[in-house]
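What follows is a pair of complexes built around chain A, which joins chain B in one and chain C in the other.
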Partner chain A sequence: MAIDMSQTTGVGRGGSSEGGGLKKGPKLNAFTGVLVGALGYLFGHWMGNAIAGGYQQVVGSGQNDTAILLGFIFGTIGFFLGLGILNYPLQKMTGIEPPTDEPEQAQGMMKYFRYTLDNKVVGIQYLFGMLVYFFTAGLLAMAIRTQLLSPTNHIWGPATYLEVVGEHGTMMMMMMTSVVMGPFGNFLVPLMIGSKRVAFPRLEAAAFWFTPAAYIILLSALWQGGFQSGWTGYAPLSIQQGVGQDAYLFSFGLLGFSMICSALNMTATIINYRAPGMRWSRLPMLAWGMITVAFTMLLSVPVLIVGLYVMALDRSAQTSMLYAGHGGSSFLWENLFWFFGHPEVYLLALPGFGVVTEILPVFARKPLFAYKTSVAGMIGVAVLSFFVWQHHLFQSGMNPDMRPLFMLTTELISIPTGFLYLVGMGTMWRSRMRFDVPMLFVMAVFFNFLFGGITGVYVSDVPINVTVHGSYFVMAHFHYTIMGQLMFSVMAAIYYYTPLYFGIKLSEKLGKIHFWTMFIAFNSTFLPLFALGLLGMPRRVFEYAQRLQHLNQWVSVSAFILGLSLAFFAVTFVWQLAVSKPKSPPNPWESRGLEWQVGYPVPHGNFAKIPVILAGPYEYGDPNALPVAELSAVGAHSASVSGGDE
Partner chain B sequence: MPRRGVSLSKGARAGIVLISFAAAIGLILFGIFGYLRSSPDVVTATQSTSQPNTVNLVMQVDGAVGVGAHPNWVGYWVQDANGVWHQTTLVKVPVNTNVHVTVYEYDSGGALRNPEWAKVSGVSGGQVNLNGTEDAIVNPNSPGNGIAHTFVIPGLNVTVPLYGVNGSVKNFCQTGPCNLSEAHTTTSFAFFSGSSVHSYHWQCFVPCGLGYLEGNGGPMQSLGNMAGFFEVVK
Partner chain C sequence: MAKTMNFPTYSSEEGKKHARNIVAIWFVVAVIADLIVWFVYGPHMPPGTMTDQARGAQFDIKVVSVMAVPVLLFLWTFGFYAVAKFRGGKDRAEGYYIKGNVKTQAAWYIITASLVLFLAGFGTYELVLPAGAGGGEGPSPIWRPSTNKLLQVQVIAQQWRFTYRWPQFGGMETTSINLPINTEIQFNVTSLDVIHDFWAYQLGVKADANPDSNNVAFAKTLETGRFTVRCDELCGIWHGAMFNYGHVVSQSQFLSWAQSMEAQNASVTKLLPKYATTYTPSYLGAGGGYYPAGDPNGTLN
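This part shows the complex of A and B:
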């Protein structure tokens, strides 16, 4: 181990301080953050008007992008100031040594509305934040499907429809990048690797607080004319758009910073804070998923931020880097965007595989099949993801000689993805599965991903790509891979980890109603979209051929059932969490995972002493397996599960 | 704020959850109906008193003359049966009907990027009446005038170029809705509304988003300005 995490050095002390170093001072929280953020926005907007109010462009169009962007910048700084996130760095910069002792931790619900350095609180903040973002984007999907009930009658105007589509796509693709790393990575990885804390708790906490700022700013685009460019933001559409596009680029940039902070913390934590005995060969699969995603984020997200910066300059300072008419190139944006954008698809997929390979052995009651192959699959996907982005540009006028290369690299990525799939199949093979709700969702992941993965091989082929490009076929493909894989994984994780997070076990009966309705409605929604695409329905149009109406109506009704299923989950989840509170026994799934050995509530600082890891977490069914770790039980209901319970 | 040792009863917790759900639903409904579903007025075409099976539609196109949320945006206005002007592009006409349209153009024009936009199509007789003269094509290169906007319903194959006001006139309209004493051109034409109930998207194809890149932003895709719907109803 690179870092001594003993109590005597103080390095390993459990982090729970708040306010970023202020021992005593104003009680800063999300509400003070919003207040100072609003003042910051007004200041920035005023400054922007003072600077650029006289630009010819501004006078002509009546819109001042400089004012909007400066408003967002100062609004975000104000939000962070109001939350206390900047106290620590400001004190350091001004030569004031921040206090090193831990301030009193806020109690009750209020701690979830504050800047906190406790990885478990941050995980729960992320969980609810992500659910809010997901459901908002889901409601927008319902709005899309309502419009598409009819090719001739319109619920929304064409511009509003595109606003809704752009908001839905951007919110899903941008906010959901953290849907596993945020709630599950932050909470679980320190527990899984035997650490008392994360490496950079301030970065971890700041990473979360970027997300509500990004959410509000992105949503505000709806009130500013939206951005009809969709989530890909292609120029020149993105340059000629109204100020809603500023909200798109700024919120995406904030999420980029969030991802970088989160990834830095995750990488450093997993590399440096593993307990003695936690070899790479014993690292839980969720942690492998997190570290591969973190590296992918660190290498890809900065490129996106550069692209967004270029777009911001084109829109505000009237540079012309993305507009060919004035000497720029829209290819610049396309390449910068997709250099991030395609790895991003795997930022969404890999954590999902991390979750399912983590949960699967628990319910299969046998060791994870081909652990090393599984790790190789994750690393392989992460590495290859940087060599495929040009398949999004097959029809853009790119050098045709480059097409076979990117077709090959894209097809190659199906090999490590196949590893992950086969690991799942191998683990299930001849196992004595328990079909609890988390396991049902895990199995659904493999079912859904089969459609998403196989059609992915087809759309990577140039001839088919040219045929189905921009159609509903592609849309069906990526919804199967992202919603069918990632969101079902997230649901599995929520049902699986609720006992550890909240001490309650969600009802199996309600969970199964949720699962079956969601599973059937999901497939009923997205499977027909392959047919619609092949029949020629293009994406992002609110009017379509009359002959496609019946299929569209089927899809819309299925989507509404899917929405009702998710609403059912939301209501029953919150109800059980806040009202009925069905108590869970400790470690109800009899997992060997180290995270389950500390009991509920997870103690402050995670472990009384740094545990010594003795065995891997997946040695189910092996009567000779050692306990996963030697640790001092500190939780009220701590459970020690030795290897081989069968 | 709950404090250490203070716990709420089950009923209180249930109440808070139910109120929170109700608030969330209220917020969603407000977002949908207060904003996303808000749209300009819908104006119904007036039944002709002189011709059977015909409705009259009187419209005007204003330049950037300072009305509405975007005073620098060009926009269409439609006159209702009472003679009141509405800044809108949402029009209702009956099915199987001849729609007789008069458009007063108050904006200045110019040359076209695409000469196809100067051609007339889809109207009765294949011609429009421009300032009293029948034309099948409008000259986009006439000095000082040119074409200001177009009125296009792709679903009905209707395309009508709207001749612009001469840029050197003194009595430009200064605020909308404009009146006939101010400089304008008059284009009238008729088209058939079709035999089926339908919602036809229509818009101006001349890039007229002042201040936007290539003129293709702002008012071009906005309902109430340069894009709208013809609702063909029973």
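This part shows the complex of A and C:
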């Protein structure tokens, strides 16, 4: 296990450039990528016009989906070429042996705009990418709440409103939450399992670079008339839409490829690159969260890509697979989409639980309670998530006799998610909790997810579902699970891991201001939405009943405060990273985790030599516990001394 | 971990005291909360009492709530108690080395599993008993009302309005909907374009409207009054404006309304395609007329 396959470092071998090819070629980065990508788009668009410009439906509608889609395809290929991602595979394919040495480490900020094989750089790229996507989508949420201040007066017309709703949902679901494995999995998992590298560094790096391409393409929909189908993109509405829908389906597809690449890498890394002694029974919970998510992604995302491909063909080549009355069916997309979508929305919970169960023992100063139950909970959620997708379609008229089965499978998921509450309570039981900022966010996760979980029982009960399906109740339910659970977990992880990522300990005082405003504003925003749903407000409406105005205004004002709280976080976070730089002691939380034992900055290659794991990471409170691993520190001070590895 | 650490000694008596406190607080709070949920909020819970199906749904919400509220309160009680009592002090002491407890874990598995299985069984029973609980059951429902005397109402959704066809009244089509009281009603929901959803809130009825598909839902009216009809599946820009009201009225009022509508609409009804469970819209799109399925040119009319 964990054979050392790391390549020798590039010390003293100048001349190789980023991307592992093109000796002494131009320095490739995101900007050359965008440049070549733009050229690619123009080429693809020209080609699409040449192919399909004379088609009857193109002439009739003045809209050429073929050209747009080919533009996106060649644009993305160009972006990848311009970044140097394709150098290595192209060289391999044409029989040129690419240089085996690792690309030279770029210095300073520039390395974050490059295609790089260092798992820690990729992790940080993902972290900032994810935050950018999150804040973009958050601004769109502010726009939604502005419109809903009044039941009848409009800030925007109904078309713009639905464009904003669709962009918000798609951006949050596919761009922000789906990449959550990135910032934490890529950076931390190799450190946690005692590996010098990830299994497929090129896949891992490419997985990140799909996301900015998808971000640009998804936003481009806004000046193409947007798409009014929401993030679920139900056909035939999505077939009826203008070219904005092509941006939706293409960017979603790119994210699908990104998820597959990063999931492949994560699975292979955790299975094959564990250090000696890192048994499954000692694997940190965050790594369990990542591997269960990765498996779920590997099995579900291909179905999404197929569905998107079908949609693309229906829109461009006039196949009619999603059209009723022409041999297709509007149910097909619903099934394909939710067969992906349901594992997806549960797998958003898993990284959150990984983070929470990882951090809780550190601040409770106790071992994780019922470790095996906790793992079983994650595996249970991951497996069951494949058997519940039709609960989105209880009222659709499809397969009504299956409703009891899907009700059962959905409610069964409460058992493994309940395990996580058992683990949480058991760990807190008679502990010595320290309420630092990461711990506050962890406690909030348990608080918030309780609402998400319990309302999930209402939603999955078919007779109640008749009332709540498609209403604000469902909307509140999944915002509690995704924002209340995942986003609060992400915040916990950010506050917890900045000392390791950046050598900076974020201010407790500012962190507490951020926490309390975010926690209160979040609940004040989303709790009333349950009531709105029960009172009969459907989702995605730009007008609503007059009697619901007060509640909606309360929600909007709370949402603005929530937005301000997050803006406060953004400003203080960037300020502390870039300007004030409060220095952190090594391992400020007194964690036993292996990732904390290497010191800051984590050296290139993570460990001087592969550590031998001696004990589990959560043996708090045991005076006789062995250290988690035997390793010589390779932090800033010792890195120069112990640089060579073999 | 070379630094000196503080490991307090363990006392199991103290643990029992904490457990007793938590259970006692929880029990009192949960009983009070459940009484409030059932007796104070219960009668006002959605979707009301207008139909058999709505009453069933309301009963379900009440039952699930009295089960969910104690669970919620137990976790809250535990959480607040833990935050208050299980805090680390200035001594930076470590917690106890407890990695699990067989009895607690077993109790948790058994209790959560029984709750969940009960809920699934209860939900299924409630789904089958009032004929599909008001939800869309597709073209050939297996849970039907026991009677055959059903008022047939076809709901035709299109961008962006609902219309209704009445096969028992000469196949007339109306833009408004009135229903007689104490009557079993069969809604046949279909669409002419994209997916919509017929949500009659107070009737406890919800069924997706799919093109080329008939989605059947049942309801038995029990009270007169007004109900709201809303589209509940995103269907394009005017989705938010796709709603109207209907009324449940006395049987004689309904009959006179329906007969006068039938007479009034007779000349228009003649121009309509023959009543069918689904239709194919004309190539002119929304508002451009429609034809029975399988007859896209309307020549069989």
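Rule of thumb we're sticking to: the second predicted complex is superposed on the first by the 611 of 646 C-alpha atoms of A that agree within 3 Å, B and C clash if a C-alpha of one lies under 4 Å from a C-alpha of the other, contacts with A are read in each partner's own complex, and residues count from 1 in each chain.
FYI, contacts are C-beta pairs under 8 Å (C-beta built on N, C-alpha and C of every residue); 3 or more make two chains touch, one makes a residue touch a chain.
The structure displayed is predicted, hence computed values, not measured ones.
In the superposed model, more residues of chain A are touched by C than by the other of chain B and chain C. Residue contacts after overlaying the shared chain place A:57 against chain B, while chain C stays out of touching range. Looking at the shared chain after the overlay, A:222 reaches chain B, while chain C stays out of its contact range.
By the document's definition of touching, both partners, chain B and chain C, reach A:240.
Once chain A of one complex is fitted onto chain A of the other, the partner contacts of A:119 are absent, as it touches neither chain B nor chain C.
In the superposed model, A:269 makes contact with neither chain B nor chain C. Of the two partner chains placed by the overlay, neither chain B nor chain C lies in contact with A:316. Contacts of A:507 after superposition on the shared chain: neither chain B nor chain C is touched. Contacts of A:158 after superposition: both chain B and chain C are touched.
Within the superposed three-chain model, A:543 lies in touch with chain B and with chain C [touch as defined at top]. Touching of chain A by both chain B and chain C, each in its own complex, is seen for residues 157-159, 228, 236, 240, 325, 543.
Residues 57-63, 107-110, 139, 143, 152-160, 164, 222-223, 225, 228, 236, 239-242, 323, 325, 543, 571, 574-575, 578-580 of chain A are the ones touching chain B in the complex.
The part of chain C that touches chain A in the complex is made up of residues 1, 5, 7, 14-15, 18, 45-47, 53, 56-57, 60-61, 64, 68, 71-72, 75-76, 78-79, 82-83, 86-89, 92-101, 104-105, 108-109, 112-113, 115-116, 119-120, 123-124, 126-128, 130, 132-139, 141-143, 189, 193-195, 197, 199, 201, 204-208, 210-216, 228, 230-241, 280, 293, 296. If you check the complex, the residues on chain B that touch chain A are 1-4, 6, 10, 13-14, 16-17, 20-21, 28, 31-32, 35-37, 39, 70-73, 197-199, 201, 209-214, 216-218, 221-223, 227, 229. On the side of chain A, the complex with chain C involves touching residues 157-159, 161-162, 228-230, 232, 234, 236-237, 240, 324-325, 329-331, 364-371, 373, 393-401, 403-404, 407-408, 411-412, 414-415, 418-419, 421-422, 425-426, 428-435, 443, 446-447, 450, 454, 457-458, 460-467, 469-471, 534-536, 538-544, 590, 592, 619-623, 625, 627.
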